[in-house]
Every structure is written in structure tokens, then in C-alpha cells.
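The structures considered in this document are given below.
Two complexes follow with subunit A in common, the first pairing it with subunit B and the second with subunit C.
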Partner chain A sequence: MKLLTLNFLTCAVKTCKTQPSSFPLHPRDAELEIIEAELNLPFLRNILPRLMWEDICSVARELGLPALPAIAPIPADLLAAPLDPSTTTGGAEQEPSQTARDLHRVLLETCIQEGKLVCGCCGHEYAVKEGVANFLLPGHLV
Partner chain B sequence: MLPTPSTSHICFDRVYEPAEDSYLLLDTLSSSSETAFLRDRFHETSSTPPLVLEVGVGSGVVLAFVAANPGTIFGRHDVLTLGTDINSFACKAAAQTVRHAIKEREDDRSVFLDVVNGDLASAIRPNSIDVFVFNPPYVPAELPDLSCHDRHNTIPHGKKATSFEQDSYLLELSYAGGEDGMVVTNRMLEQIPEILSGEGGVAYVLLCAQNKPEVVKQRIRDWGGGWMAETVGSSGKKAGWEKLVVVRIWKSAG
Partner chain C sequence: MSDSNTQGADYEAQHVHSVYEEIASHFSSTRYKPWPIVERFLKEQPDGAVGADVGCGNGKYLAVNKKVFIVGSDRSTNLIKIAKQHAPHSTLVADNLSLPHPPGTFDFAISIAVIHHLSTPARRIEAVKAVFDILRRPSSSGSKDGGKALIYVWALEQKDSRRGWDEGHKQDVMVPWVLKQKKEKKPRKKQGGVSSDVEAGEDEESKGDKTFLRYYHLYKKGELEQDIQEAGGVVSESGYEKDNWWAIASPCNI
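Let's look at the complex of A and B:
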């Protein structure tokens, strides 16, 4: 599962949802795999306001990934400075900056294949197997 | 006509095979009235990438259709798709269906997140979903015994494949809806106001005639707070009765 998915998930225990510590879920014993994907610059630019930046940074840190910028990037940070300033205007393709590449790598290419996701509130461990996280609780299965 | 995503890689012994209900959802989501509604609601200049969640993805044909046609449906390409299913085999199959459907497209590419194994939308962060899609187990039939789910949800230790008993159980989960076929749908409807985003969140839920769609719609309107429910797609007219309907659930603006 992609790390961006963690931006939209929380503990499945009902009483945890109102507790801030239930988000983000914390990866544990994670085996990561890089699954390359095409970088989609307009998507990255538009998704910025939806990212829980500090939480993504903390997940990346817990996974031992290279540090992300402490402050959430703004759209301009995702564009590479043009080599030749005279070509800034016109219809040329905009090139992604290193920040954009790093963000793409962390959010969309870094996948948890095996491991656990742990709720910071109740401590429940959700297993990830073959890239699929299992959020079924014993209470769901009665 | 937009192409139907391929599901030829799936073994339908334990995953729900696309049928009339699935196709009704595809037709409804790509109908001119719904694309106009969605384009208006999720206009690129006024919102961040919409997150589409389908619960109970099964083969993944509906989610893959959305993921492969975001330009037609939403008028934008930066759409995010996420799925859940209680059946772990469906999770894997559906993820493959979506990835394949996106890859087939030269352009019009959206971003697929994952399909997670879970009970309805229980693991979804509150107020994060912009478009919710649900083709529930709607047949009035006894619910299978969930106490054996863990055992049936995985290939038995030391075996190479699932048993016939497992497959029957997993397929039952995909269609059996208990009394009036509404037991699972009612649990899902309860979660809808919690998971939908405050700005513009909209849900599409498929119902069959035995589910008493008119009663269901009225109950949603009775939630108050501006909640609306209207039939926006139907098929299989029989003596004036629609066999299947798609109900759109949303909050009126203002």
C-alpha cells in the first residue's frame, strides 16, 4: 500500500476516531518496496492542500526515509528553476523540482508490502500482507 | 460509450462477477446528468483532487471505470481512487483491475491509491471522501456466519487454493443482505455523513426493488440538515417497477 493512502485512513475502532492520536497509523516492522510510477506534476500540485503534512513527515521518519521539508511545500516549490531564465514563459513543459520528485517517491512509489499499522490511541495492530492492509476487527465479525 | 474495464484476470469462484448492477453504476456515473452534476461540484479551479471511495469493490470494475475516465466524469484528471472490500481476494483482484484500466489509457490518467481489506468504511478518515460508491449485498437472504471470516479470508495453510466452502462463503458476502436485503446497507448509510467531506461530498448507492428504495430515500431526507436523496439511474423496468436503482445522496449547497 502507498504511503499516500495513510493520509486517508484511521483506526477502525469507533471510539478511536475522535482521538487525535488515532491518526496517522504508525507503520511497524514494515518491508518497503519501491513501485515506480509516472510523476504527475499537476496532481502533486493540486493534492498539496489535502496532505496532513506533519503526519506524513512523521510516517516518513518512522520508516527511516530521507527527511521531507519541515514546512509543507507550496506549488512553486514543485517546479524546477529553468536553466535558461529567458525560456520561463511560453508553452514549454514544466519540469518537476527535486522536492516534487522526493514527494512523488514518498507518497506514490514507496509501498508497504508487509508489516503492521499501529493505532497510537488503542494500540491495535493492523496487518499488511502482500501490500493489502487488513482493517477487520474481531468485533466486525460477529 | 466508454469501454468497460477488463476483469478477465479474475477467478469468479470467490469474487463477485460484474453483472447488471455493476453496469448500471457505470452507466449512471457516466450519464450526461451525473457528469454535469459532478463536474459542477468538483470543478478543477475550485477544489483539490476529489477522492472517490468505493466500498465492496468486488472485481473492481466500477472503481476502475472511474479511475480510467476521470476526464469524462469529472472534467479533470487529478482524481484519486480508493477501495475497500471484506474479501481479501477481491481486494487483490480489484487493485489489478484498476491498475490495468489506468494503464490502458494513453491520457486521462488518474491516481489509484489502494484497495484495503475492511468492514465497509470503518478505517476511512472522517470527512475525507468526496464521492462514495456502493453496490451493496442487497439480496434478501440470510447473512453468512461471519465468525468464520478470518479462516475463509485466506488460502488455508499448506493448501494451494481456497475450498468450495470458502468460495461459497465469500460469494454469499457479496450478495446476501439479510432482512429486506438492507442489513449491510443500513450500516453503511449510517457511516455516510461521517465519511463524506463537508464541502460537496456525494454518495451513490445501488438498491433493488425489495430494498424499498422510496422508504430508504425518505429516511435519508429525514436525517435533516439538508440531506437529499434522489434516484439518478435505473434499469430492468417491470410493470412500472424498477428492478435496480442508483440513489444519489448529497447535501444541498447553502
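Let's look at the complex of A and C:
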């Protein structure tokens, strides 16, 4: 499961969903794997305003990943500075910046393969196996 | 959970969930062509929109638009293992009545051939409501629309289909799925009397095959719109396509 998914996940228990402490879920005993994917600059730019930046930073920290910038990047940060400023108006292929590459690596290529996702509100643990998180609840929590 | 709700859940566990788990790979091999209205809805979404595919099955709709980000969920682990391959999207195992998403998250959602598997009226309305709950709310000033959902259910009125159901028939039915026994490859002979539109493996049982029955509630005309209204939604567009009722709806601004 790619880390970007955590931006859209919370606890499946109804009473938790409205509690701020249920977001984000906390990875525990996580085995990470890099699954390479093609970097898609427009996709990154479009997804940028949807990111709960502080929460993503805290998840990255919990997983022991290299620190992300403290302030959320803006679209312009995703583009590499052109080598020759006179060529910028050509509308040619734009190159991703290091920030874009880092973001792509963390959000779309870093995957939790095994481990748990833990709710900070009720403490329920959701298992991740073979890269698939399972949110089915035991009967008493439904 | 009330008694009838528990019974509904138990019933679906036996007559829906366990069946899909068993037939996942065969079912998936027959489900690859997207329905036109679903395809259109997904392609209409602006680049970078974030959506949910609730009951995504083998993930066939995750392949339609790679410029949006979709979180697909299904109750069947075996179907999700198949759905997993579709970049850039994400998939997970979840129950559609207990979705693991913060309320008001998504710009759009699809629920294709899912709600008709719930076995009581209250649970079907709850399932529609669960889809609305995860959609972006409209702003109170009316300046920004709420998220949109496309919901598809099987129709009772399909007298020209090979099932032949129509108005006035029973709405709660068990539908067979025949899991074919693997045989050595031989040229296939057409059997007399088998109509040509029989989807391979879905109805005909021969020796060694195993038949599974899935529960369906067949929707009659107007019923989907009614469920949507009861769930607090507003229908913006609806219609009938190839044996199914569909509707596009948004959560109400309350």
C-alpha cells in the first residue's frame, strides 16, 4: 500500500471517524518496500493541494524516512530550474525538481508491504499483508 | 446492531461475500469491459480529482482514468489482490458499511453493482448514505458543489435479457454462478438450444462444475432514486442502461 493512501484513510469504526486523533493512522512494525513507478508531474501537481502535509510529515517521521520539507511544497517547487532561462517559453518537457522526485518516492513508491495501521483514537490495529490493508471489523466493533 | 441488521449481515456474509471470495478469479476474467456511462463519468472528472470506488471488485474501473486518484475498496481479499495492479490508484479491503475514510473526503465516488447485494431496505439505504458520507460536502454559500456519486444497480425490468425478469416479478432473487471445471482443450461445440448470449460460465452447469448462488435485490423503476433521497442525496441525472438502473447524485446541503 503506497503511503499516499494514508492521506485518505482513517479508522473504520464509526465513532472514531469524527475524532481528530483517528487521523492519520499510525504504521506499526511496518516492512517497507520501494515499488518503482513512473513519475507523473501533472499528477503530483494536482494531488498537492489535497495533501494533509503535517500528517504526511509525521507518518514519514514515524517510519524513519528522510525528513520532508516543513512547509508544504507549492506547484512551482516541483519544477527544476531551467538550465538556460531563454528556453522556458518553448513549453517543452518540464523537468521534475528534486522536491518532486522526493515526493514521488515517498508518496507513490514507498509501500507498506507488511505490518499494522493503528488508530490513535481507539487503538484498533488493521493488518497489512502482501501490501493490502484490511479494514474489516470484528462484529463487536461494527 | 439491531437484530434484523445482524441477520442481514450474516445473510450477506454467506450469500454474497463468501461466494465472491470463491469465484474471484473466474469472475474477474469475465469482467473487463467498462460500462459506457461509468467510463464517461470517470473521464469527466477534472485532473487531480480524488475519488473512491466502493466495491471495486477486480478494479476494472481503475484503468479508465489515470489522471485522477482513486481509492478502491472491496470486501473480497481475493478480488482486491487482482485489483491491486492498477497504478496510480490504491486498493484495500473494507466493508461498504464501514468505510475507512474521513467524512467529506472525496470529489467523486462510484458504486457499481454493489448496493443490490444488501439484503434489507434499511441496509441498502445505509449503503447509499455511506457513499454520500465520504463525499465532499457542498459549501453552505452554494459557491462550491458537493462531490458526485454514480450508483449502478441491477434492474428488475430486463425482459429482453436472458434472465427475462420483468415488472411484477420477485425482486429478491438468488442468481447462479457456475464455476467451470478445468477441462482439456477441445474445440467447443455449440449445444442445441443454448442461446448465443449465454455468458460463458455464468449459467450452464455440466459435470464437475460447481454452482454458487449470489443474493440480489433487483431494483424496480424509481426505487434507486427513492433510496438516494432517503439517504439524504439529490439526484442530478439518472437512467437505464443495459439491464441496470443508474443515478448520479450528490449529498444534500444540510
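Note that the second predicted complex is superposed on the first by the 139 of 142 C-alpha atoms of A that agree within 3 Å, B and C clash if a C-alpha of one lies under 4 Å from a C-alpha of the other, contacts with A are read in each partner's own complex, and residues count from 1 in each chain.
To be clear about the criterion, contacts are C-beta pairs under 8 Å (C-beta built on N, C-alpha and C of every residue); 3 or more make two chains touch, one makes a residue touch a chain.
Quick caveat, the model's predicted, so the values are computed rather than measured.
Student: With both complexes overlaid on chain A, does A:I34 touch subunit B (first), subunit C (second), both or neither?
Tutor: After superposition on chain A, A:I34 lies in contact with neither partner.
Student: After superposition on the shared chain, which partner residues are touched by A:N134: those of subunit B (first), subunit C (second), both, or neither?
Tutor: In the superposition, A:N134 touches subunit B and subunit C alike.
Student: Touching A:R50, do we find subunit B (first), subunit C (second), both, or neither?
Tutor: So A:R50 meets both subunit B and subunit C here.
Student: Using the touch definition from the top, say if A:T10 reaches subunit B (first), subunit C (second), both or neither.
Tutor: both
Student: Could you say whether A:A81 touches subunit B, subunit C, both of them, or neither, answering first, second, both or neither?
Tutor: After superposition on chain A, A:A81 lies in contact with neither partner.
Student: Considering only touches as defined above, state whether A:K2 meets subunit B (first), subunit C (second), both or neither.
Tutor: Touch status of A:K2: both partners.
Student: If you stack the two complexes on chain A, which partner ends up touching A:A70: first (subunit B), second (subunit C), both, or neither?
Tutor: Neither partner.
Student: Shared contact residues on subunit A, subunit B side and subunit C side combined as an intersection?
Tutor: 1-2, 4-5, 8-12, 14, 17, 23, 40, 42-43, 46-47, 49-50, 108, 126, 130-137, 142.
Student: Contact residues on subunit B for subunit A in the complex?
Tutor: Touching subunit A from subunit B are residues 44, 48-49, 51, 77-78, 80, 82, 84, 86, 88, 91-92, 95, 109, 111, 113-119, 122-126, 128, 146-147, 149-150, 153.
Student: For the complex, give me every residue of subunit A touching subunit B.
Tutor: Answer in residue numbers: 1-2, 4-5, 7-12, 14, 17, 23, 38, 40, 42-43, 46-47, 49-50, 108, 126, 130-137, 140-142.
Student: Residue numbers of subunit A touching subunit C in their complex, please.
Tutor: Residues in contact with subunit C: 1-2, 4-5, 8-14, 17-18, 23, 37, 40, 42-43, 45-47, 49-50, 108, 126, 130-137, 139, 142.
Student: List the residues on subunit C that touch subunit A in their complex, please.
Tutor: Listed in rising order, the residues of subunit C that touch subunit A are 1, 9, 47-50, 66-67, 69, 71, 73, 75, 77, 80-81, 84, 87-88, 90-95, 97-103, 105-106.
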